[in-house]
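Shared between the two complexes below is chain A, which has chain B as its partner in the first and chain C in the second.
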Partner chain A sequence: MTAALQRGVAGFLARYEGLRDRLPGDPRPRAEAADAFRRAGLPGATSGRREEAWKYTSLRPVADATFQQPVAHPAGDSRLLARLPPLEAPRIVFVDGEFRPELSALPASLDFARFADRAEYGRLARADSEPLVALNTMLAEDGALLSVPDGVDAGLLLLVSVATDRAACHPRHLIHLARGARLSLLELSFGDGSYLHNPVLEVVVGDDAALTHVRLQNEAPTAFHLSTVYAEIGERGEYDSFGLNLGGRIVRTEAHVRLAGIKGIAHLNGAQLLGGTQHADFTTVVKHDAPSCTSRQTVKNVLAGRSQGVFQGRIEVARVAQKTDGYQMNQALLLSPDAEVDTKPELEIFADDVKCSHGATVGELDADQLFYLRSRGIPDDEARSMLVRAFLADALDAVTDQAVRGVLEHAVEGWWERQAA
Partner chain B sequence: MSAATQTLDTVQSVTQSGYKWGWETEIEMDLAPKGLNEDIIRLISSRKEEPAWLLEWRLKAFAGWQQMTEPHWARVEHAPIDYQDLHYYAAPKRKPGPKSLDEVDPELLRTYEKLGIPLKERAILAGVDPASIEGGSQVAVDAVFDSVSVATTFRETLKKAGVIFCPISEAVRDHPELVQQYLGTVVPTSDNFFAALNSAVFTDGSFVYVPKGVRCPMELSTYFRINARSTGQFERTLIIADAGAYVSYLEGCTAPMRDENQLHAAVVELVTHDDAQIKYSTVQNWYPGDAEGRGGIYNFVTKRGACRGARSKISWTQVETGSAITWKYPSCVLHGDDSVGEFYSVAVTNNRQQADTGTKMVHIGKRTKSTIVSKGISAGRSNNTYRGLVRVLPQAAGARNHTQCDSLLIGDCCGAHTVPYIESRNPTAKVEHEATTSKIADDQMFYCRQRGLTEEDAVNLIVNGFCKEVLKELPMEFAVEAQKLLAVSLEGSVG
Partner chain C sequence: MLEIRGLSAAIEDKPILQGIDLTVPQGEVHAIMGPNGSGKSTLAYVLSGRDDYAVTAGSVTFDGRDLLAMAPEERAAAGLFLAFQYPVELPGVGNANFLRTALNALRRSRGDSELDAVQFLRLARAETKRLAMPEDMLRRNVNVGFSGGEKKRNEVLQMAILRPRLAILDETDSGLDIDALRIVADGVNALRGPDFSALVITHYQRLLEYIVPDRVHVLAGGRIVRSGGPELAHELEAKGYAGMLTEAA
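Coming up: the complex of A and B.
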């Protein structure tokens, strides 16, 4: 196969045209997605067109980048595995969007299938309204279809995505937890060079089921990470998610969570630690579509260098969703005069018997706290770093699994070392 | 109006209790033909005897407007507006500026009576010697009856202080240098669709200039009225407080009941120089439409203040209870170091009303401060949105903002939305935002009912408490009226 250079919306469409007969699954959703993508383009890349959902993030750099497809994988790239955290857990590994059985260790307690073998698009992600979902639906070649049976506790599972220079991968993952099932999923994304990672992940949490979903985004500094999660939570179901954005040049992690059954719970916590010229956008939409559900969200931004951090969070409460309890907190710490934060927490409420609140703060390190440490002989640099770590530790508290939390803390340490270097 | 009322339906129209201020005054109108084109603009300009530069400015705005499309980002829905189906000029046939009571149209006096303008002010309007009513708090009224100001009072007292307070068309004639210097500098003609429309066709409004170091000796107030059938009103207000000056401006509105939707696209520009202060208060009570949302005013207003000088301050206070649709974001651009912007708002929506309102605070100067307090109350089938922006530019070291927006829902068919935007580009800036949404708690109701209050009185009491932080910012004259308005607006929303 010859490697072809591709660029912009036309490049992605050309890739689709070239591949369409070989892509797995029903071709109709792909054709519709291609139409939608052709109409919508990449947000921010078409001049003169502005979309409210993409007010603070432009994908023009993605449109301007060139990708090469397919990328030949050198043998023995199992050295990538050296970068995996030392966790005793089954893992499913994708390299440039393709499942790699020789690098994976399949779990015993759940059903796994490849999207390449059994293409299922799911029914939650909307290609007609989300350009990135359209792009993914059009080009998805592989992904993980995971299903945890009734009442089974599947324990911890790693979903790993590694990418290499010039790759553009659009994995499609589907996770289904049947009634009373449990799973702790740790998603890791990293790689080398300039590439695009555009996963779409659909999650269905059945009645009384619980999914812990922790995502560590530690892509290469020149990479694009654009991920979309759609989750639907059943009665008394629980979706507990935490996203840590450390890497990438342009990052958007978007999550749409729908509380569909009575007494469901959704946590959408996260933290972004950015430096250099990084741009990361943490966007969430929580839909309360059933009574007595709870949603909680704390997202923290630490912004150094010339980085830009974006938080957009919307809580929608439908008329039927009485007794909703929604809470949202967004805090940003600006460490540099060139950093920027943009925050848009939204409440959209159609039910009267609800308790919804949100808060947002933006500022620098507290002068009193800094003075306290300095007056005890701690040098300025060290005092500042202590305070930032404390600010972040607060966010990481939301991750209760100690082993998983250890992985995140380790990654944060790595970020500090890179900043110091 | 819907005759069928379900016992459980919490929606009751304000009109079912009768819109208190709904009537129409029969005064002969001088109407320009319907439609909007350059000729109409030339007609307006010539009727107003305007200088050439203003006509050119209008035509430029009109050319810009034709290139623009109506904005649709606000959470409001309405039938398309046919801009060619409106009269853009309506003037009472009387000559402006009555000299005595006899010259004032008795119909107009009765209008003021129904409006509830206090007797004292009616007397002023009717030409009673101001000396005889001294001692009380003085309020100057520049009454805008449809498009042409027909009575201006207290002119002399203000003149002594050096304050210019007159209809803007008069200011164009008598103080062209001031108008030309400031008009459109805060809200440029190209600012937005409705501001451009206003710039092209504005027919009247108020002009205030408070010279250096002068504290305006009285509260200034204008009663805006929309009166003739299917005329839009395009008010233009320009208030300038020179260095060290202070002025408090009050604006209140009521309108007659009618079927056709009426468009109102006003522009208000405020400018403060060093150490100057403007306090702008609004009570807006235009016809909100009937229980099914028919009729009612479309209120698409652009209000913006520029704190140009150091240590200057602009404070917006608004109580919004009327209009079918309110689309309004009184804003402050804080250029001057240590300047202060404030926004206090109560927005009440009932039946099918829609309000999308909030503020923008743009921090440019060092140590600039802004405070936003917004209280939204939704009842019936209404939708109430707070939309606000706090932007801190890189040079705004030490900027500070605190925002609090609370929503109260009455009934389960309404919506309350909060859309704040926070953009900070300076690490020394501190921005805080908090928002809550709740309903009237059962225990609060129980407590009041148990002490013998009717359900309606209990709701009024609780709502007034909820809005207290904002109401206390209003000048005395308005605070009382505002509390009454809240009660009237929420009539029939419980039970």
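Coming up: the complex of A and C.
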């Protein structure tokens, strides 16, 4: 192993050793996760070792970074609240990975518990095969355990995670929707300085239940955001997710969704807007394990500067999953000759009566469209911005809640202003 | 107002325009007719600032300013408008938003205050009605799913709202039935006056029945080979381009 890897992995392991007697819950899964993490290390940080799942993304910069125990924050730091979107909705707020009741407004229509009080791991996320899940399982100190009872529509809920300089946070969230339940979850991550956000979410959508999961990743430009979602969808259940990646230096959002019951639906849509030297990797694995399920993925990349966007999408159709309808589309708009996009679609189909398609396009702004706008008097930069918004528009249309989409549109405006500056 | 002197232009080293001389005085409507491949559309694009054409010789001034030195949006701000032969589709861009952005960009460049959404819609609805266009055209994405005739009418709608001082209509009549042609012509005629000039590019004399030009120029082989009054269009119709070009040679 290289010195850099030893430093990075050793740092996290040392933190675990230091904390292990104070970490909540059953120590055994943590010990196993620590072993797995010690063996696997951080993907890409070991020279000469390449993993297919991490073909385009190296976590060496994470291994090379140093994190430290964040200083305790004064209670009631309401400046944070000013950075939240003005939505009339309950919110659960974490700062540097710790639940902050004084900043939160707890929901009435669902059950909430802290991971710190009741450390429950779900049965979906696999520490033995996913190094980031191992890291999270080893070090998770807090998180949200959310449960929506049978038939309840819990409305909109904000799940907010804020980090400060040098923090390494590993929130562990567990979201359970019972039969016929509904929830619209807007997850926001942001912060200041160089820090690591490494959340793991386990999601169970029961029969006839529906979860809308919108994620706005707007981290500081020097931050790392590595998130992993594992979801399982029951009969006629629906998991409708949209991830918008705007911030961060190295980003990976990985989602594993298993359609476990007949006629389930999974939407894994998203967009990444990158500039400078940002790197963001949108990776999905959809498992069709039951008949007549539908999966849809449209992921759009807008890449400026020397940024790199990655989309890896894998659809696995089991032998029993007849009448599967799977669709995957990845589109990239390159705003600079130095930007790069890497796309890796994979279809693995064992059933014979399925409809699965995928496609990818890469392009620059259309010269005819640009000229048309300018010929009407619209200045070049404004015309470019209009065309980028237009490119994004049908991706954002997948977010049907007007208020939530407004939050995303506002964030896109902010991204655009930062690029123009 | 528009002065073209010895204009030559090429695309990918292939010369298209070979020394055009043309003057359009303020308040006049001139027609340019010519066979396919004579350089009509190239002239329209060069005047509006499309950068895939290289100007190899000559000059163009617009109100005394060097038009060729200006960016396309500066030409629009100066009062130039090109009605495209093939209007571009803009998926994801609403027609009303597009028009308002364009109008406000022009107003800004002239030091006028911008119109808010309500003021703009009032104006746009009135013009839409005048051009006998369905109002939902404003709500749709720019030219997406429009028929050929609707696209052309959308060009005229833009022109009516942006109020150029010089409009170049590049085969706006192609693909129009007689009713649409009349509506388009009415739209142009409504703008006619001492402060409006137009360069009407067409292959057929038909449009000129409705938009009667002050002067007609025949373009062939990248040059103006003949100029005359409106009667020249009728002569062309009678003799055909081939007949006239043989005579001119």
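Observations, loosely collected:
Operating definition for what follows: the second predicted complex is superposed on the first by the 410 of 421 C-alpha atoms of A that agree within 3 Å, B and C clash if a C-alpha of one lies under 4 Å from a C-alpha of the other, contacts with A are read in each partner's own complex, and residues count from 1 in each chain.
Methods note: a residue touches a chain if its C-beta (ideal position, glycine included) is under 8 Å from a C-beta of that chain, and two chains touch if they have at least 3 such contacts.
Only a predicted model underlies this, so the values are computations on that prediction, with no experimental measurement involved.
When both complexes are superposed on chain A, chain B and chain C end up sitting side by side without clashing. In the superposed model, A:M386 makes contact with chain C only, not with chain B. Between chain B and chain C, more residues of chain A are touched by B. For the combined model, the angle formed at the CA centre of chain A by lines to the CA centres of chain B and chain C equals 80 degrees after rounding to the nearest 10. By the touch criterion defined above, A:E340 lies against chain B but remains apart from chain C after alignment on the C-alpha atoms of chain A. Using the contact criterion defined above for the overlaid structures, shared-chain residue A:G377 touches chain C, although it does not reach chain B. Contact with chain B, but none with chain C, is seen for A:A332 once the two complexes are overlaid on the shared chain.
Contacts of A:V362 after superposition: chain B is touched, whereas chain C is not reached.
Of the two partner chains placed by the overlay, only chain B lies in contact with A:D353; chain C stays clear of it.
Of all Cα pairs spanning chain B and chain C in the superposition, the closest are 15 Å apart. Within the complex formed with chain C, the residues of chain A that make contact are 367-369, 371-380, 382-383, 386-387, 389-394. Chain B contributes residues 73, 392, 394, 407, 409-439 to its touches with chain A in the complex. Residues 52, 319, 322, 332, 334-364 of chain A touch chain B in their complex.
Only residues 48-52, 71-73, 75-77, 81-82, 84, 87-88, 90-93, 98, 101-102, 105-106, 109, 158, 162 of chain C touch chain A when the two sit together in their complex.
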